[in-house]
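Shared between the two complexes below is chain A, which pairs with chain B and chain C, respectively.
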Partner chain A sequence: MYLHLFKARLLVLLALPLAAVHAANPSVSGSVTGPDGSAVAGAVVFVQTPPAAATVTPRTMAVVDQVNKTFVPGVLPIAVGTSVRFPNHDQIHHHVYSFSPIKTFELPLYKGDDAPPVVFDKVGVVRIGCNIHDWMSGIILVLPSPYFAVTGADGRFVLEDLPNGTHVLVAWHALSKLKPEETAQTVRVPEAVSNVNFRLPLAPPRPRPAMHGLRP
Partner chain B sequence: MTRALAWIFSGVLLSCGALSSSARAQYAVEGQSNLWLRALLDVRLVSGGPDPSWTDGGPGKMRYGGSFTDRGLQRATRVVMSQAAVQVGAFLPWGVRAQAQVNIEPDIAGNYQPWLIEATLRKEWGDERLGWGLQGGVMHVPFSLENTGPAWSPEYTISDSALDNWLWEDISLAGAEAEGWYVSGAGVRLGALVGAGYGGDQIGRLLALRGWVVGDTLGGINGDLALPTPGQRTNIFSEKDHQPALYTWLSLGDSGKIASVNLGVIDNRGDESTPTVWHTHFTTVGVTLSPYRRVDLLTQYLSGTARVRAPANDSSLSAFYVMLSYRFVRQRLSLRYDTFRIHDLDGGPSTSERGHAQTLAYLFEIGLRQRIALEYVWMHSHRDATGSLNPTSDGLQLSYRIRY
Partner chain C sequence: MRWPTARSLRTTIFVAFSALILIVLLGTLGITQFVIGREAVLALSGDLRTTGQVFVSLLAERSTRLQTNSTLLASDFALKRVYATHFNPASYDAETLASAGLSYRQRLGVQLVWMTDEAGNLLAASPARDPAGQSLADFSPLKEALASQSAASGLVEVDGKLMQMVAVPVLGPEVIGFLLLGQIVDDTVAGRLKRDTRSDITFLSASRVYASSWTFPWRERERVGAAQLATLLHGHNDPNPAVSEIGNRRFLALVVPIEAHLPQPLYALIQGSYDDALAPLHTLQWRISSIGILALTGALLTAMLLAGRITGPVRLLVDAMHEVLRGNLQRRAHLERADELGFLARSFNEMVSGLEDRERIKDTFGRFVSRDVAAAVLDGRVPLAGDRLEVSILFQDIRGFSALAETLDPAALLRVLNRFFTEVVAAVEAEGGVVKQFTGDGVMALFGAPQVRADHVEHSVHAALGIVDRLARLNILLQADGIPPLQIGIGIHTGEVIAGLIGPDERVEYGVVGEPVNLASRIEALTKGMAATILVSKDVAMRLGPGFVLGRAAVLPVKGKTQPIEVVELLSQPSSS
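Moving on to the complex of A and B:
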């Protein structure tokens, strides 16, 4: 009983400094809209050049699932150095590949969780596909740091835990007509910023029609 | 001729590969063309016999058999181009997807004429959890569990089972189908497809007159297939009574993707009062199991009848196979057992047949585009009409396949 109380108090004591750090780094929030003011969902806002002092610890593992002949998520932002697993939860086999210069790889026909993870060690855009099912297409956006956020349906984003310093934020979208550097905005942390707004003109979407039906 | 074609085809494939890579800006998304082109070339060293294949007018039940010689039936070994396939597709406005495939299968067709395997337009509504779709054009019925590889090739072996080989060689329809799918909150997937198509008036004739065979024929709408009678062939696409075939395909899969059960039914609704029109219907049930992550177990059963007014060739048809396949990274080892029957129903010239086959295949994928495969098939088939020519056959195939 006393041991449990001691452990609980110890956890509270350990959590206090973390909470203090969190409190010292207010979030940066804002929105991404189109030229007409409409919300842009699925845009990625990220720190283009993290301060040298910032310790970058990328998430060690991310997942792109394959469900009903679709990559889920369709766009996966990750920090450089992250490993990505590609489980296949379809009954049929998939043959995942990328010819992108940033990362060229292939995972021969497989099902389930049998494919080894792939490490993405260069910054940039990697387009992935399935060698059997041509309409399957996904994007892995490899970013210079783990400081990124994806806009929701309302176009809003929140960047948490940015380290102190001056940051250049940029916005990216798969259909954006602008390069990320053309959207650059500077913020200073620890000042709380809640109105960073990006305007992204988007090209009209040209989705590849999917095939979810019974035919393989 | 075969070798020259193979070199030309390989050159085209390599050129296409060289054109596909170019440098891109760091955060730029590589463009995706709305047109796509795929090709597949399969060259094999084959050894089979002793009976010549049905494709050469012999009683052999495999795609590559022996040969007639002065000393009788002899095994034969040769290099052949088994398949050259080209698939083209386009993503059209309004979310419509177009796809077409032509194949050259010289030994099956008896020449180098390209066969149109499929040409479809497809549109889907909804998403992966709930939706429905329409497809129209030239297509095969979707009943085969094995033909899920590139360009509709068998995925687990070089040769299909007798059951799935027949589905792909003899049934090519021009029509339309609708389907719907639903994935429950627990992950159980239900799918239902109904279709109708013209061109199925000769379905069943091939089985009644020739019998079941093991192979990997992809029938084209403009193709025909050899019959045992010298010089006679049967059209794959034939429409005389203007009554469309009707078919349905139902599928149920579990949330863990461990098992799926599939049921297919087709009735070509052939009008037996129309001369040479066959009335064929059958039901097939297939189960796929993946009890362990690298193991696939497939089994499928088919039963039906094929009837024609004259001559007296009415037959009942049945076939079954079970296949165990183990995959390890780039390698796959598959073992399959086939059994098949045809029963003569009307006492005319007997169409009865019974047989079985065992297949052992090893496949090795090289990179993204190439595959080497080795397959051995042992087969015994007794067909009443063939008289004393019912030898036990076996065949060995070493396949090299490249695709783009």
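Moving on to the complex of A and C:
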């Protein structure tokens, strides 16, 4: 129902880039910083409770690539119910697996696009690894709603197409010492939609097996 | 064989050599004892220290191997999968884990396998432990592994046994649990270590002995008390090994602290046999002693030989000297040598020849002059310049000599004269006088020269009486031979004369010059006229002590002199024969 409005908003935005004309679905922006104010990149800000009325159709397919013996992206936020493909663009085989309770799966040694996609139908954090390459690890963040954004290097995020109303936003980071629900901030759309700031204390990164510098 | 005495050169050489060699031998033995004993201890200490380092290395290597094996094991996908089931209580499979643990124990030959979750809570153990699910988060090496999220190892005590344990994380892909493997350090291990290093090793703390390579009964663990352990460990702060005695054998022991997570500090007691280390020393000492004794014997034989070469000739010279001192001046020392001893012998011979010559001269000389004079002249005691001496001069003459000469043939006459003169010389020399001259049928004797005599007057008178006495006896003998008795006259005077060597050098004569000489002669000449045997001058008579019988006195003119002289007759005492 809102599709044409969405397209109209887009046109308006394109036509009047400098006019701060807010259509029916504004974006919420802000930043995620550490306790000392430094920017936190790679944090995911999302709406905790999916709103009754969805304004976007979630993607049905997401991708975690394997390039140069690394998962790309390292953190993939998806809405619950999304399928994820794991293409292998390396010249070697990989064996992707996860023991996470919400999704335990295994893609035995394969190359290219040989592996079938995996549907993530439970909300939570899924840690994936490669059985033959100890250093490879990645996270698939299965979120309750399609409304999420990832901070860039500047620590800023933009959440778009949020429906009007009150929303609870939370922030997650792989090293965050706080649980997402502990970072909850309420946002009323369309008011107070900018400079939503999350302060996340981060733990030091845990030691991981090194990819280089070992005995050949 | 002459027994050696302290005064024998040969003995001195012998003793000196023996003492020297003995000192050298004992010194060498002492020094080797000290030096080599110390070296043996140092070497053994070095060995022990090295062994200690080897032990520590061996333990580290075992640990590393265990860790490698554990890491490989923890990478097993099937194991990871089973580990991951603990996330979901519904699918958690503790039994599978435990059975896997048993399988790994057998695969690796380790004594225990523990599996924990990522927080250190026990999931499964082989052999089984109670209670399951307990937290091992404070148990080393898991404690360290949890903190670093990587592998850790260490020595720990489990159920009273010493274990090398390793804790490795199980990745999936982040840490989903820990795998602990443990291998025991027991007597077998200690024995293997001993086999490789030749030193005994015992792993112990202050409260118990964990493992030992000893097979001695003393180390029965239950009976090793705290006191004994304390004794063994008392040197634990000392980097130098100390000597201890067990049974009858001596050991050097080194205490090496070993890093471990135990209630009390862990030590490795490393022992090497002290006796074995010193065995080469004893062998060496035996050898040195043997060589030393041989050397001593050899040196002594050489010494004796050398000594003989020196003391033999010396003894020969000494013997010769003894004989010479006893009076045998014909003795010579025969040493045909080119060295100093040969020179000594030749000099000795020359010297004795010289003595012999001198004696011969003295003898010969003495036949012509009295031995006193001869000796005095030879000795140089007669001053050439002359001396003023107070002497007594005795002149003696045979009366009726011409008549006698006609009776006897010249040979017989001389024989008689010589017999008589023998008596005269004897009488004179008995009184310390000197027969200066034989005047054909008479004698001139001196008293007080060349040897000064204080009582020369009395001596001269006694000599005169002696002559008369002896003549009387001689006459008896002569009468037995049919020879008429001799009759003599004696004149004695005393006074100062000049005595010395008179005459040119080639024909020098000891003589006296002075008025008293002439007067003595004149007094003798007067005896016939007075029909007296002995006439002495007044001077003489006055000088005589009691005991002399004086007879007639007279004043008689002296031919050629204006002054007459007073003479007194001396009567013979009754002979006391």
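We adopt the following convention: the second predicted complex is superposed on the first by the 180 of 216 C-alpha atoms of A that agree within 3 Å, B and C clash if a C-alpha of one lies under 4 Å from a C-alpha of the other, contacts with A are read in each partner's own complex, and residues count from 1 in each chain.
Just so it is clear, contacts are C-beta pairs under 8 Å (C-beta built on N, C-alpha and C of every residue); 3 or more make two chains touch, one makes a residue touch a chain.
In this text, all values refer to a predicted model and were calculated from it rather than measured experimentally.
**Q** Looking at the combined model built on chain A, do chain B and chain C fit side by side or clash?
**A** clash
**Q** Which partner reaches more residues of chain A, chain B or chain C?
**A** B
**Q** Classify the contacts of A:99 with the two partner chains as first (chain B alone), second (chain C alone), both, or neither.
**A** It touches chain B and chain C both.
**Q** Let me test your reading of the model: by the given contact rule, A:187 touches which partner, first (chain B), second (chain C), both or neither?
**A** neither
**Q** I'd like to know which partner A:134 touches here: chain B for first, chain C for second, both or neither.
**A** A:134: touches chain B and chain C.
**Q** Which of the two partners, first being chain B and second being chain C, lies in contact with A:113: first, second, both, or neither?
**A** first
**Q** For A:206, select first, second, both or neither according to whether it touches chain B, chain C, the two together, or no partner.
**A** both
**Q** Given the touch rule stated above, what does A:172 touch, chain B (first), chain C (second), both, or neither?
**A** A:172 sits against chain B, while chain C stays out of touch.
**Q** Taking the two structures together, which residues of chain A meet both chain B and chain C?
**A** Residues common to the chain A contacts of chain C and of chain B are 97, 99-101, 127, 131, 134, 137, 206-207, 209, listed in rising order.
**Q** Where on chain B does chain A make contact in their complex?
**A** Where chain B meets chain A, its residues are 20-21, 23-30, 32, 34, 36, 38, 89, 91, 95-97, 122-124, 126-129, 131, 133, 135, 142, 147-150, 155, 179, 181, 183, 189, 191, 193, 249, 251, 253, 257, 260, 288, 290, 293-294, 296, 327, 329-330, 365, 367-368.
**Q** What does chain A use to touch chain C in their complex?
**A** Going by the criterion above, the answer is residues 97, 99-101, 104, 127-131, 134, 136-137, 206-207, 209.
**Q** Which bits of chain C are touching chain A when the two form their complex?
**A** 75, 77, 80-81, 83-84, 87-88, 148-150, 171-176
**Q** In their complex, what parts of chain A are in touch with chain B?
**A** Within the complex, chain A contacts chain B at residues 67-70, 89-93, 95, 97, 99-102, 106, 108-114, 123-125, 127, 131-132, 134-135, 137, 139, 141, 172, 174, 179-180, 206-216.
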